[in-house]
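Here it is, the structure, as structure tokens.
Going in written order, the chains are labelled A, B, C and D, and every chain counts its residues from 1.
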């Protein structure tokens, strides 16, 4: 992780951006933790998020990868900068079968224009044991206010 | 596209698998077309699928990429084989702002164990013009019935 | 492909950049064709480029993917801009066993800061038939002269 | 890392496979360390491996990512199984400018048919400090002897 802190109120900025994403409410995701260059999102399994065998749909896994990385990147940006996903890739290591699910992203390189992040999805069982279910890489762009699309 | 047809009722098999995915109903996606080695999914923009700027969330874009590829792959599998996503990668070329959205997947290589697919997301405006919004690659695995997880 | 032409002497600029890459001579690659938003590189199989089964090493396949995309991107940049690879991903569809090998890249989106390209590696047999051996996506960045690293 | 050890002579098997790759000699790479589910490759910068600004060519970086992952995967396979790269993706975080270069791969998931690995490229300066220059994910397949292509 690179990253000295760019902006004192980064947690508030990230939380505000999270709240402005209707899709987070639609899948029931919660912002759990934000540190400089790190973000954790939590999701509880719901039947409507399933694929044909009642595992968590890979699209929801991808959503956690993308967002955990995106908010990790945003935590290191300047106060008035926004974040835009450029591309991501994930490997699905094990099906997510239920329980509590965590998406965790961290910044590998906080560049002048791009932020490169690693992100993972973990499944937690009732005993608190965790299994790594997906691992990915995400490239994000800093957007200055003048660059709004 | 490789792929002679493996199974006469492939359209019914793909449609059945699509219906068994609760997440498709949760985002409002519809199966539109299935050909041997090809699949098209349609989605109408809804506010609850948005990110912070009211564009389609990248996780939904990824869902279309993964599923269009997955059903394209499934269309060439044997009657009793199922499909499992191994990994995927997508580039987000333009934000999806609304209207009708299409996910299209095609098989590049239908191998003995793996199927490699290309998939795209297109946005259609009212005049029927289309813009390419995302392009990706998906690796999928054939699952024989005995390999159920 | 986006991309009106930015610079009349783009072919000369691309050829010059190709010549300045010692690694191209080290593997014996030749620049074959440059069009606005498109590039083709040719390679003849040599034993020293092989892996353990005498197929073309995946690292050489990746080199063709990266460079065909990079020069396709460069062909649309301004006269004084350079190109830098941000990330790439490739699927290895079939082993490259010999003969004439072609890397082809095209620009999917020529953005203000980033260029997103698709690239493929094809193997040609003596009869002139071609087989698709690898397919990939490459993200590249425009570098203005003031941004030299 | 998953992976109990499958085969007592795994180091010899990996070293043998490395020696059978002519491309490793062609770029001057050396096998440095093999542990169950881990592999490290070393490379000294040479001018012929450069791109247009005399940094290490991204194709060589990709070669290290692919091979470090591939040999990490191979270290956990059965004695008579071989390894084949399915796909990989890497982010280029910083240009590799010289000195000693290390490719390191580790197995994230050693599955029945596929091995999913993470790999990185590090540059070491004269004082022994290291910088992360590239990070990637690699999907590899177990090949039983009967499956030779």
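The rule is simple: contacts are C-beta pairs under 8 Å (C-beta built on N, C-alpha and C of every residue); 3 or more make two chains touch, one makes a residue touch a chain.
Being a predicted model, the structure only gives us computed values, none of them experimental.
Interface comparison, B-D versus B-C: the higher count of C-beta contacts falls to B-C. The chain pair from A-C, A-D or C-D that repeats the A-B interface, sharing more than half of its contact pairs by residue number, is C-D. One simple way to say how far apart two chains are is to compare their mean CA positions; for chain B and chain D this gives 32 Å.
Between chain C and chain D the centroid-to-centroid distance comes to 22 Å (mean Cα coordinates, whole Å). Rounded to whole angstrom units, the spacing between the C-alpha centres of chain B and chain C is 28.
Contact with two or more other chains is made by residues 86-87, 89, 91, 116, 137, 139 of chain D. Touching chain B in their complex are the following residues of chain A: 17, 20-23, 25-26, 47-53, 57-60, 62-64, 66-67, 82, 84-92, 95, 149. Residue ranges on chain C touching chain A, taken from their complex, read 86-87, 89, 113-114, 116, 137, 139, 141.
Per the touch definition, chain D reaches chain A in the complex via residues 89, 91, 93-94, 108-109, 116, 118, 132, 135-137, 139.
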